[in-house]
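In the part that follows, the structures are each spelled out as C-alpha cells.
Here come two complexes built around chain A, the first alongside chain B, the second alongside chain C.
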Partner chain A sequence: MSDEVLTPSAPPVAPVPTAHRRPSWQRLTQRYGALAVLVVLFVYNAVQTPFFLTFQSLVNNQLRQAAPVGIVALGMALVIATGGIDLSVGSVAAIAGQLGALVLVDGSSAYLAWGAALGVALLCGLFNGVLIARYGVQPIIATLILFIAGRGIAQLITGGNLQDFDDPLFQFFGLGRTAGLPAQIGVWFLVAVGMAAVMRWTTFGRYVVAVGGNETSSRLAGVPVARTKMLVYATSAVLAGLVGLIAVGVNSSSDANNVGLGLELDAIAAVAVAGVPLTGGRMTVIGTVIGAITLKLLQNTLIAHGIPLEIAQMIEGAVILAALYVQRSER
Partner chain B sequence: MTTADAPPTPRRFAPRARAAAALQQQGALITLVLVLLLVFGALRYGSDFATGFNLQSVLADDAKYALVALGMTFVIMTGGIDLSVGSVAALGGVVAAQQSSHGFFVGTMAGVLAGAAVGLVNAFFVTRLRLQPFIVTLATLLAVRGLALHLADVKGISADSSSNFQGLASWMLLGLPVSALVVILLYLIGEGVLRWTPFGRQVLAVGGNEDAARLMGLRVDAVKAAVYVLSGALAGLAGAFLCAQTGSVATGAGKGWELSAIAAVVVGGTLLTGGVGSVLATGVGVGLLQLLFNLITFENGEHVITISHYWEDVIRGAFLLVVVLLQVRIVRRRQRRVTS
Partner chain C sequence: MAGNDVLLTMTGIHKEFNGVAALRDASFEVRPGEVHALIGQNGAGKSTLIKILTGVHDRDSGEISYDGRPVRFGSPHEAQLGGIATIYQEVNLIGYRSLAENVFLGREPKRFGLIDWRRMNDEAARILSSFGLDVDVTRPLNSYAVATQQLTAIARAVSIKAGLVIMDEPTSSLADAEVEVLFGVIRRLRADGVSVVFVSHKLDELYAICDRVTIMRDGRTIETAPMSEISRIELVTRMLGRELAEQLSHRRSTEPGELGTAVVLEAVGLRREPALEGVDLSVRAGEIVGLAGLLGSGRTETARALFGADPVDGGTITVKGRLQQLRTPRDAIRAGFGLSPEDRKTEGIVPDMSVRENLTLALLPRLTRLGVLDRRRQREIVDRFVADLGIKLADADQPIRELSGGNQQKVLLARWLCTQPDLLILDEPTRGIDVGAKREIQSLVRRLADDGLAVLLISSEVEELVADTDRVVVLRDGRSVTELAGADVEERRMLEAMATGSATEETP
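Take a look at the complex of A and B:
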C-alpha cells in the first residue's frame, strides 16, 4: 500500500479504502486472517496467562491437543479441495480405535493392531470413495451413511464395552515421545510436510485442485476424476483412523461412544478458519495447520480464563463466522 | 449444500424434469415400503403392534423429528442446508420451559420465536454476507448450543407442571395425539404451499438455478431468508414439543437431529442440489426411519433374537445406503431411456 503514496508529506493515517485498494486489503485478510488471530491470541496469552510461555504449556498442551484435529483437518482440506466433504471422520476414528484395541487385547502384536485399525479405516474411505466417485452420490450424503452407521459399528465391535490395555508400543501415537516431542505432534508434522510435497510436486496434487475447480472440464481435459476422488476420501479416512489410534492410546482404553465425537465439525471449522472455500478448488496445508492451532488455542484460552464452556462455544461460533466474513471470496 | 457437486455424468438432458419424475417414482416406492413394513409388523407382532396405543406413541414420538425435517426440506429445496436445527430445538425447548408457567400457547410460541430468531441470524449471514449455508449453520450449531446451555444454567431444565403446558403429552383429538395432528396439518400446508403458491414455485426456482431465478426478477434473498426463518421456527417448535411431552429438556437434547432430518429428506427423494422436492415424501421418510426402530423394539420383545440397540444406527445407515443406491439406479435408468 505504501508504494502508492507518492508524496512523502502524505499524512500517515490509515488509508481510506478506495475502490482499487479494497481488493488488496481483502486479499490480505483472506491470506493472513487466521494467522493474525493466532498472533493476537498468542500475544494475549503470553501477557495474561501464567506459564503460557513454557515448553510444557506450548508443546505439551496447546500443540499436542491440536494435533488430532489438525491431522484430520489436513485430510478434510484435501476432500474439501475437491469440492466434497467428509462427515464420517469421527465415526471412522471410533471404528479404527476400537478394532485396533480389540486386536491388541486379543493378544496380537501392536503392529498387527495398527495394521488392522488403519486397514479398516482405509476400507471405510474406499466405501465413501466408491459411493461418491462411482455412483455419483453427493459427498455429504455418502459420508453421512458412515457417520450414522459407523458409530454403531464401533460400538458393536465390543458390545459397547471399554477395553483397557497397557502396551507402550501400541500407545506410541498417543503417549510416545520422539526427540522430546510428543509423537502426535511428530505425526502431524510428517503428514503436513508429506501433504505439502504431494500438493506441490505431484500430478495428483494438481488433479485434486483441478477437480474441485471445475469437475466437468477436468474430466474433459483427461483428469482421472474418479480415481482422484477415491484417493482423497481414502486419505481422509486413513488419517481419521490414525487419530483413532491416538485417542485410544492417550486414554489407555478404547471408548466407542466418545472417540472422535464431533471430530468432523472441529476439522471442518479448522479448514474454514484457514480460509479454504468449501466450494473447492483451493487448498493450503500451512493454512490448515494454522487453522487447527488457532481453533484449539482459542478454546484453551477461553477455558484458561475461566469462561464457562457454553459461553466459549458461543464465542467459537462467532469467531468462525467472523473468520468466514473477512475471508469471503470477492465473487 | 453448496459444494456445487457436478451431476454424475456431464451428459444430462433436462435434468430437473428427470429428477422430478424419479422423485415421484421414489415417493411411491418408499410409501410402498412403509405400508409393507406396517403390514409385516401387524402380521408378526399381532395386535400389540397394531393397537392404537403403539401407533399413537410412534406418531407422538415422531412429531418433533417430523417438524425439523419439514423445515429442512424447504431449506434443501433452495439448495441450502441447515445444520443448526438440533441446537435450535434445544434452545426452543429451554425457552419454552422457562415460559411454561404461562401455559401451553405462550410457552410454545416462545420456543417458536426463539427458533425463528436464530433462523433470522442464519438468513442474515447467508443472504446479506453471502457465506456458505453449511458453514454458517455449523457455526450457529455451536453458538446456539452454548446459548441454550447458558440459559438453562448448564443443566437439564424442567417445565412447569402446574400450568397446562405439559398437556400436549396427553391431549387427544379424533383418537390421535394432538402433536401428531399438528404435524400432519403442517405437512399438508407445506405440500400445498410448495405446489400451489408463488412462494413454493420460487423456492424450487431458487434451488433449481439461483442465477436464472435472480435474472427472472425473483427476490432470491427474500425466499432464502424465509426458508431459514421457517426452519428455525419449526425447530423451535420441535423443541417446545419435546419439552411439553417429556416435561424437561436435557443438556444434550436435539444432538444429531440435523443429520436424522437430512437423512429423512434424502429418503424422501428431495435432491440435495435443490430445485426438486416433496414435502409429503419427507414425511414418509421420517415415518419409515422411525418405524424401523419400533419394529426393532417389537422384535426384541419376541425374545427370539435380541437386537442390541447399537444396531439401530447401523440399520439406519444401511437403510440410507439402500435408498441412495436406488436413487442412483432410477436416475441412471431414466438417463438410458432418454439417450436411447
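Take a look at the complex of A and C:
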C-alpha cells in the first residue's frame, strides 16, 4: 500500500465505456493471419509446384512432416498460455527416443519400450515443473538446463552409438498407418482434439489461461497455480517424448545427436505464427495446428523451389517477425 | 544559496492525466536547511508533485522557482544537475556494483580518461564515514543491509552537492536503530544547510525530525505549518479531509449483544515482520467490522495474512471455533473466506478472461465433476449474479477489462458471493469507482451482513467506516491499538486512535 508513493502516479481510472469491440484489421490479421499465409502458400504451391495437389504430397509429405512439430507445438502452446516457455522439448524427445530404443533393443516388448520412453519424458517434465512451480526458477532458465544437459543424457543412454532395429509395432508411431493415414497424423489429430476438449471443458484448461492471464489474481482466487504449472510442463514433456518415439520410428534407428534437434524453436515459432501472445493468458488449439502446418509448408516450399538455405532461414525469420508485429498491435 | 529565506517555491501547479486532474493549483515551499514533511493519502498528489519537481512529469501550468531562478527540469538527471536529488523507498541503485561506484555512477572521477578508482573509493569512504558508517566501499551494494544502501543513496546526493534531498518513505524498510542513524544523517544535512523533503506516513517520525509540514489532499495543498504548531489529531483530520463538526452516522444502532453470537473469525497476535506486530480482531456472523489505520499501519497486510496470501510469523487464526492453519488462499477459501484485494487490476481480475470466467474463478472446483466443467450451471450462476448485483455488461463472454471499475468490482464481489462464504474480507472495495457504483456496493455489503455474512471492511475513508460498520478495529504501526463499538464508532475517536494509538489519550 505505502509503496504507491512515487511509483507512476496512477491517475484515477476513468470508467471505461463497455464493449468497444470493433473488428479492426489488427484483430482480423491476428486471428486469421496464419490462415491467410497458409492459403497463399497453398495456392502458390498448387500452381507452381508439380504434383503438389496429390494425396502423396499433401498427406504423406506436408502433413506428415508437420506432425512432430505440430504435436510439440500443442504442448508448447499450453506452456506459453501459462506465461512460460519450454526449451527442453528437443532434448526430451532425444532422451525418450534413446531410452525407448534401448529398452527395445535389449529385448523387451514394444509396449514396455513406449512406457519407458514416455515415463522418462514425464520425469523430465516434472523436473522442469518442480524447478519452476516450487522453486520459482524462470522457465527459460529452468528448461535451458535440460535443453543443454538432456542431449548429454541421451548420448549416455546409448554410449553414443546408433541403435538400429526393426520392429513394426514399436515403430508404429513413425511408420504405421491407420485408415490409410500415417499414424503420426492420427496421433497429432487425437492430441489436438484432446487438448481442445481439455481447454474448453475442464477446470484445468481454464486454470491454464487464468494463471497466464494474471498469476496474482489467480492465486488469490484459489487457483492451484503450482499444480497447474507442473501439469503443463509434464504435458509438454510427454508430448515431446511421443515425438521422440515418432522420430526413432521413422529412422528405424536412434540417434542421440539429431532426434528433436531444433524442435523447441520450431514449436515456439509455430505458436508465435499462430498469433498466441508469448506473454501468456491465451491459447488456441486450432491456431497452433495451423501455425505448425504453415511453418512446415513454408519451409518445404522454400526447399522445393531451390531457395538457398540461408535465404530460406531469413524468410522464416521475417514471417515470425510479422507474426510478432501483428500481436504487438493487438495489445 | 541565494541568501534568501526560500529555496524552492512551487505555485499554481496543475497536472492532468488522461483528462483526470491529479494536481489542482497545488503549491509547495521549502526553506533552506529545513526538514519538510510532505503528507497525504494515496492519490492526494504528493508523488505527482515530486515527479513534476524532479522532471519525471511535465506540468500543465504553474511556476517553479529553485534557488531564486525559475526552473523546468526535463528529466530527473537534469534535476540532479540542478541540485535536487531524490531517494526512493525502493533503493534505485545498482545492486551488483560497489558502494563507491553507486555513489559516483555517471560522474566517475577520471584520470587520463580512465576511471580514477582510488580517488573514487577514498571519496566514497569519506562521505560514508561522515555518516558514521565504516564499510568496505568496494563490496557490491546488495551485500549490505537496506539501511546501508539507503545511506549510499544519500551519500550520492551529498556528493553531487544537492541543495535539496527528497526522501520518499526512507524508513519503510528500516529497523528502529537504522532509523536513528538515518535521522542523524538528516540532522547533519540540515546543519550543513541542505533542505530535506521527507515523505512518510509515520507520525512519530514526522514529529521527531521535521520542522514544517505540508498537507495535501485531492490534488490540492491544504496547509503548510510548523510541526510544533499542529497536533497529531489536526494533522490526521486535515489529511483525511474530515471536519470533526459533522458527525453523521448512517450505521444501524446494534448493540454487540444483539448480534449473532457465532464468532466466525478470531485472530490473536497476528505477526509478520516488519509490517505486523500483533493484530487481534474478531468478526461475528452478520457483523461488519471495519479495519482503520493510516497508510502503512498494516491494514492490507492483515487482510493478506488472514487470507493465507502471505505467511505469518506468529499468531493464531480461529475459524468458527476451530484453530486453522491458513497457508495458502486455497486453505482460506476452504475455510469459508473470500478476499476482494486492494488493487483490483493487478490482484483481482484476469483482464483477458471473460466476465463469466472471472466471476466463477473461485467456484470452479465446485462446478467441476471429474475435472469437467458444468458449463450450464456456470451460465446459470453468472446470469443470476449479473442480474442480482446489477452488473452492466454487453455480454458475459466479453473480457472483463472492458467493464468499468465499478462493474469489475461487482464481478469480483460476485466471485466470492457465489462460493457462499462465511467471511468476506473487503480491502478498499470502493476505491476508484464512481459514486453511484460505490453506493450500490455499500448497500449490497450491508444487505449481505443482514443475511448473516461476516464482513471485514478495510477503508481509508473514515466516513465510510463510520457509516457502514458495526465495529472498528484501529491499527497503528502494525498493531491493533483500539476497538470501537456501537456508539463509539465515530470520527473523532477513530481519528484520535489512528493518530495517537488510543481513543482516550490526550492529544499533544
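As a convention for this text, the second predicted complex is superposed on the first by the 304 of 331 C-alpha atoms of A that agree within 3 Å, B and C clash if a C-alpha of one lies under 4 Å from a C-alpha of the other, contacts with A are read in each partner's own complex, and residues count from 1 in each chain.
In this section, a residue touches a chain if its C-beta (ideal position, glycine included) is under 8 Å from a C-beta of that chain, and two chains touch if they have at least 3 such contacts.
Everything numeric here is computed off the predicted structure, so don't read it as measured data.
Of the two partners, chain B and chain C, it is B that touches more residues of chain A. In the superposed model, A:R282 lies in contact with chain C only, and not with chain B. Of the two partner chains placed around the shared chain by superposition, chain B is the only one that A:F147 touches, whereas chain C remains out of contact. By the touch criterion defined above, A:F204 reaches chain C but does not reach chain B. Using the contact criterion defined above for the overlaid structures, shared-chain residue A:Q56 touches neither chain B nor chain C, since it reaches no partner.
By the document's definition of touching, of the two partners only chain C reaches A:V223; chain B does not. In the overlay built on the shared chain, the residue A:Y325 is in contact with chain B alone; chain C does not reach it. Comparing the two interfaces of chain A, the one with chain B and the one with chain C have residues 216, 219-220 in common. Contact residues of chain B toward chain A in the complex are 1-10, 81, 125, 129-132, 134-136, 138-147, 149-150, 154, 259, 262-263, 266, 272-273, 308, 310-314, 316-318, 320-321, 324-325, 328.
Those residues of chain C whose C-beta lies close enough to touch chain A in the complex are 16-20, 22, 42-43, 45-48, 50-51, 57, 86, 88-90, 168-169, 172, 199, 201, 295-296, 299-300, 307, 309, 328-330, 333, 339, 341-342, 345-353, 357, 361-362, 364-365, 367-368, 371-373, 375, 392-395, 398, 401-407, 415, 432-434.
Within the complex formed with chain B, the residues of chain A that make contact are 80, 83-85, 87, 131, 135-142, 144-153, 155-156, 159-160, 215-216, 219-220, 265, 268-269, 272, 277-280, 308-318, 320-321, 324-325, 328. Interface of chain A with chain C (complex): residues 1-7, 9-21, 201-204, 206-207, 209-210, 213-214, 216-224, 281-282.
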